[in-house]
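For reference, the structures are reproduced in the following blocks.
Both complexes below contain chain A, partnered by chain B and then by chain C.
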Partner chain A sequence: MSTRILTEFELLTPNTIPEALSILNEFRDNVIPIAGGTDVLVAMKFGFSTEYAMSISAIPDLDYLSFDPNKGLRIGANATISQILDSKAVKQHYPALWQSAKIFATPQIRNSATLIGNLLRASPAGDCSCAVYALGGSIVLVSQQGEREVDIDDLWISYQNTERRSDELAIELRIPAPEPAGRSAFKRLTRVNEDLAKLNVAVNLVMDGDKCTHARLAMGCVAPTPLRLRATEKLLIGQTLDGSVLKRVMASVKEEINPIDDQRSTAEYRKSVSGVFLRRAIEQACDIS
Partner chain B sequence: MKKHSISLQVNGAVHEITIQPNKTLLDVLRDELNMPETKYGCGTGECGACTVLVDDQKVINSCLTLAATMDGKSITTAAGLQTAEGTLHPVQEAFVENAAVQCGYCTPGMVLKSVGLLKKNPNPSEDEIREWLEGNICRCTGYEKIVTAVQLAGKKIAQADG
Partner chain C sequence: MTEFRTVGKSEIKIDVKAKVTGRAVYAADINLPGTLHAKIVRCYEHAHAKVKSLDLSEAAKIPGVVKVFAPEDLTTKFYNQSVIDIMVSEDMRGMLGDIEDQKILTDHVKHYGDGIAAIVATTEEAAERAAERIKVEYEPLPVYLNATESSQDGAVQFTPQKPRNMAFELPEPAFPNNTLGWGDADEGFKEADIIVEDNFYTSKQKQAQMEPNSYIALYDDDGLLSCWTSTQMPKSVQPKIAKLFNLPMSRVRIIQTVVGGGFGARLGMVLEPHICALAMALPGHPIKVQSPREEDWLTSPSRHPGDYWMKMGFKKDGTPVACDAKFVNYKGGYYLDGSGVAFTTGGWVSGLYKFGALRYKGESYFTNQPVCGAYRGYGNPQTNFVLEQLVDRACHELKIDPVEWRKKWHKDVGDDGWCAGVPYASCALDEVLDEGAKAIDWKAKREKYAQQTGVKRRGVGVAVMVHTSGAMPMLLEHTVCTVRLNEDATAVVAFACSDMGQGSHTTLRQIAAETLGFPLEDVSLSVGDSNDAGYDIGAHASRTLYVGGGAVMAACKDALKQLLERAATMLEANPDDLEIEDKQIFVKGSPDRKVAASEICSGGVYPFLNPQTGAPDTIPGQILGYSSFNPMHNSPPFGACFVELEVDTETGEIKLIEMVNGHDIGRAINPAVVEGQLEGGAQQGLGMALTEELYFSTDGKVLNNTFTDYKMLGPSDMPKITNVIIENPDPHGPFGAKSVGEAGLVAPVGATANAIYNAIGIQITDLPITPEKILKALNEKHAA
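After this line comes the complex of A and B, so read on.
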């Protein structure tokens, strides 16, 4: 039973990245980093306890979102979901990410919650996580030992576990430059709008005329982490996206996902709708109706 | 727990306060500063009763914000919207004129959320209002009048700026 009262902890508020790295190096698994706090505080109110919490919100210059047509998108650790939504570049070049930000939680949460926080939470239901997975990219992790870049494909290890070591701080997300013939879309299924997803899907395709030359497909709420549909992707490459191809794609998704029954939906339902949901996302990306 | 000293501006007045790190902004407003107009609803960022305006710009859930991380910020609560002479904010006027209040518990959050919308989008459509008010729950279910009030408030602000 939750009291919804925050238990006791020490709060550390570094003003620079080196200070933050020193704190992480000292306290390791005993400190939880907080950016927007919209997930961590809820967890704390429901029984998660920590000896130390480190807020990174006072570190300046981490709230950037910058787009360069050649280098792609760079998003700092304090950049909020609202910033994604307010970005014309994201809307134009990364529609899947923009669409996932648009339906993300509520305006208040979007004003506090960060994109990197959503990725690091490692929830299988993260809407922006699903979109970023389909778009591809990497997370920059820094520690006192140096800096490394982890591919988004390698970020999520298991439910709520990531590749980040406890002495590392995630400071930036990098998403590659958009392909001129690239198309992406995101879709989510919920009971009511404000609820967490019972299923979400994002697609990122490169088209050469009618033919698909590159595909990344991601689905959420169907495995312990967001899931890339690698077998299904192969069915799209080199193909014209006609009815028979889409039929094979729909059949393949069901085999690739591994959903469970929980309070939001059942495994059976998720399997039943996964194919049609993916097809609709592909149609949305390619303006097929 | 080591206490934190912060400077918090609330409705124009600066407060130098020393607080426990596990206090939310909502705890501080209600219990330390004795400003109960900001309401506690769910405590988990779903109902919007605790909504406040930060730096005259963005609305947040004060129940999910650690007060110690708000050093130097300027907070507006529903009681801070009126002028020093006591003239209501156009959004407050519109809520009164439209009777967009039933039990009143969600009202401070609804009003601040609406102020936040009109700052971004002075002339929102009904759909935009409904979408923006997601995250603010009225359990009397008086949404129709609230939506009309926000539309009216937009017109009032446009006229005043005229």
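After this line comes the complex of A and C, so read on.
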């Protein structure tokens, strides 16, 4: 049950990355890093407790979003969803990400929530997580031991668990440079417009004329973590995206997902619309009507 | 064109600036010096259980805790948080049986979130920490989540007075065979060429008003118990609190704070008994309780869910020969106003169409769910969902246009109303239907959508409704109003009518200004403190403008009469020959023979003695108008709603396109307020139809008492809305006005279901109509 009084915790507000890393090193599993706080603080209202919470919002120069046509997109740990939405480069080169940011929660939450926070909370329903999964990329984790880059494919381990060690801080998301013939799209199903997804899907395709040469497909709310549809991807590669291919894709996705009944929908419904939704995302990405 | 000064104008609502700027003072904003904070400890382990042991000792040790309370530490008198007991005559009360079945704290948990203990501490935080230390042992009991389960043989009895856990059925003495209606339905069905019949389920919808529940109480050194509350019914709460604590009403003061929405959730009491009991236990200390939002779903009453069966027979030409219906509602853990919805749900069936015969049964059964009570519409949306879908099913079979059928068969002026014995005095439903159909382009769209193919299917649907203005003759109707004229001929109008955001204080002020012939700014209101105004039953049953307006009008007429009588004496004229304009009173036809209202009012307040005569030069006495008003009618408003939507047949998703709300208002005192009511109602009606439902685990735990998972439509979900307001003055309402408070919610429920039926040829019989249910039904239809 909820409470009007948050459980007690010590709030730590480092001003530099080394300070933050020292805190993480000291308190490890007893500290939770917070950027926008839009998810952690709500969880606290419903029983989640922590000894220490470390806000990284006072660390300067982590709120960047930079795009280089050759190197791709780099997004700092304090960059908000609103910043994603304000970026012309994201809108033009990474439509799936931009579309997922556009419907993300509400304006107030978009102003506070961060993209990296969304990824690190590891919710199977995260809209931006789904988009980023399809786009591909990596997360830069730093600790007092040094820096490492974790591929987005390896980030989510299980429900709400990630590859991040408790002494590490996620400081940057890197998304590869857009392919000239790349196309992406994001779609989701909700109960009302401003809502958590009951199903979300993102596609990232590279086309050579009519032919698909590369495909990354991601779906959310159908497994304990965001899910990459690897088997279904294979059905697209080297194919012209005609009706028969799309039919096979639609049949395949049902076999790849493992949804459950929950507050937002049923397993049966998710299975039955997963193919339609994936097809529509592909059609949206490729302007097929 | 209007001959009125302020009636008919969209005057700005008087509370709007304070609310928009955040300056409005809600109960939560009030912090009296020395306030202590209370926490009601609730059972979240079980939905049905006996408390075997309760250990508060560790909780009492938490620093800052002032006192901890087990059930027996507060009054253990039974009460009923609703107000049905004070609204009906003794005879009627006798038919309801014992309906006081609640205690402030309980050792028999009847629903998830029932209150078992209380803590008062110097801070909310200390109270919260102490609550975590309470040790409880429960004896779990079987959980009943519907009427079938709770009425079975051997089920645990909720209260000894109600066998089989049947809280209510239409009582035999007033309703032969426990039924409501007319004619012989069985005979009627024999004449039918077609019969439509189905079982429906209507869901547990919550008002989810914006303001969460906060209360303050103080039992002061003078022995006065004051309670600050945003109840819809301050003058009904006052005698109920007095009775519960054995106090004379002179020792109980209810101060109504700004009400952040009610919709029935604040009809009667919620936590007033708790906060007053704690204040009585700790005299001299203001005690405040602020519930988390999530507790509102568990403690204030919701709409009644239930099983609704209906059967209707029609001749080939559409003649509705008979209707048979039964609504079995799931009452929740306690009685509240258990008789009301069981009765009115049938009343709304009886009020709408000219069936050859009607037989309706209504029953309420206790269940292990949070309580049900009033929610905007009071049984009418449930009936609309069922009745209007079956009418459309029959129209489809008979190939009759649904608008034409409704125009032909709805009840009209002179027909018996929703409560037998009160015939309709006005009805503009034909015009509402015609104008509404025109606004949505009904005929063209129906023809066009009959031909469509493809994945996305459009549909347009209609539903009509009749509601009420006030609760007579079923319940007491009474409002008292006083009008005091200041010495400068401005007026102070005092009443206890509630403004829950619906705009009633604004519109009642307009009625006062219009009746007095004063500019709006010359009328101020005295509202809020139960001791400052006479009786008013409270805001419910769409009564405030209608009954309160009647009371305001009568009191203003009384003040005006006194003013004119004095003017007549001063002008040596007959009062009937006088007119008032711009606060000047003059003899008709002789504008020079005049006296200013302010001169009369001032002379009344300052009757200085003339030294020569030893008598006052002016007529002494401040003018005080008064009314103690009981309406003679309930002037039901009719309404028609048209909904256009699009169904995605691959996903079951519904996109709302357009809506037309037609309403038979009688007279729109303030058109913007009328539109606000219609659109606010539409949001809740569409929510009921499409998304809103409180649901439970099999062991009775509420799974979605948060806005994360209790989904209401937001602004971006709403369709384009056109309001069609038809003014056809009613002979009884103030300036011809009828109600609109609840009405806007009703017909959107049936119209949405009928639009879906029009789009895909499927009627969904369980609320809410989710994409999951639509897709399943489409797949089944496809397979068949």
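Going forward, the second predicted complex is superposed on the first by the 288 of 289 C-alpha atoms of A that agree within 3 Å, B and C clash if a C-alpha of one lies under 4 Å from a C-alpha of the other, contacts with A are read in each partner's own complex, and residues count from 1 in each chain.
In this section, a contact is a pair of C-beta atoms (placed from the backbone, for glycine too) under 8 Å apart; a residue touches a chain by one contact, two chains touch by 3 or more.
Note that the coordinates shown come from a computational prediction; the quantities given were computed from them, not determined experimentally.
Enquirer: On the A-aligned overlay, A:E194 touches which partner chain: chain B = first, chain C = second, or both, or neither?
Expert: Both partners, chain B and chain C.
Enquirer: Classify the contacts of A:A58 with the two partner chains as first (chain B alone), second (chain C alone), both, or neither.
Expert: first
Enquirer: Based on the superposed arrangement, let me know which partner A:S272 touches: chain B (first), chain C (second), both, or neither?
Expert: Touch partner of A:S272: chain C, not chain B.
Enquirer: Per the contact definition in the header, classify A:K247: touching chain B only (first), chain C only (second), both, or neither.
Expert: After superposing on A, A:K247 lies clear of both chain B and chain C.
Enquirer: Is A:T13 in contact with chain B, with chain C, with both, or with neither (first, second, both, neither)?
Expert: first
Enquirer: Could you let me know whether more residues of chain A are touched by chain B or by chain C?
Expert: B
Enquirer: After lining up the shared chain so the two structures overlap, which partner does A:N111 touch, if you call chain B first and chain C second: first, second, both or neither?
Expert: Once the two structures are laid over each other on A, A:N111 reaches chain B alone.
Enquirer: Quick one: is A:Q263 in contact with chain B, with chain C, with both, or with neither? Answer first, second, both or neither.
Expert: So A:Q263 only meets chain C here.
Enquirer: Looking at the overlay, does A:G37 come into contact with chain B only (first), chain C only (second), both, or neither?
Expert: First partner only.
Enquirer: Shared contact residues on chain A for chain B and chain C?
Expert: 4, 193-194
Enquirer: Which part of chain A faces chain C closely enough to touch in the complex?
Expert: Residues in contact with chain C: 1-5, 189, 191-196, 263-266, 268-269, 272-273, 276-277.
Enquirer: So in the complex, which bits of chain B are touching chain A?
Expert: 1-2, 4, 20-24, 42-46, 48, 51, 54, 58-61, 64-66, 68-69, 71, 113, 116-117, 132, 134-136
Enquirer: Residues of chain A touching chain B in their complex?
Expert: Of all residues in chain A, those touching chain B are 4, 6-11, 13, 34, 37-38, 41-42, 45, 53, 55, 57-58, 82, 105-109, 111-112, 193-194.
Enquirer: Help me check something: in the complex, which residues belonging to chain C touch chain A?
Expert: Residue positions touching the partner: 42, 44, 113, 124-125, 128-129, 290, 292-294, 650-653, 691, 703-704, 706, 708-709, 711-714, 716-717, 770-772, 775-776, 779.
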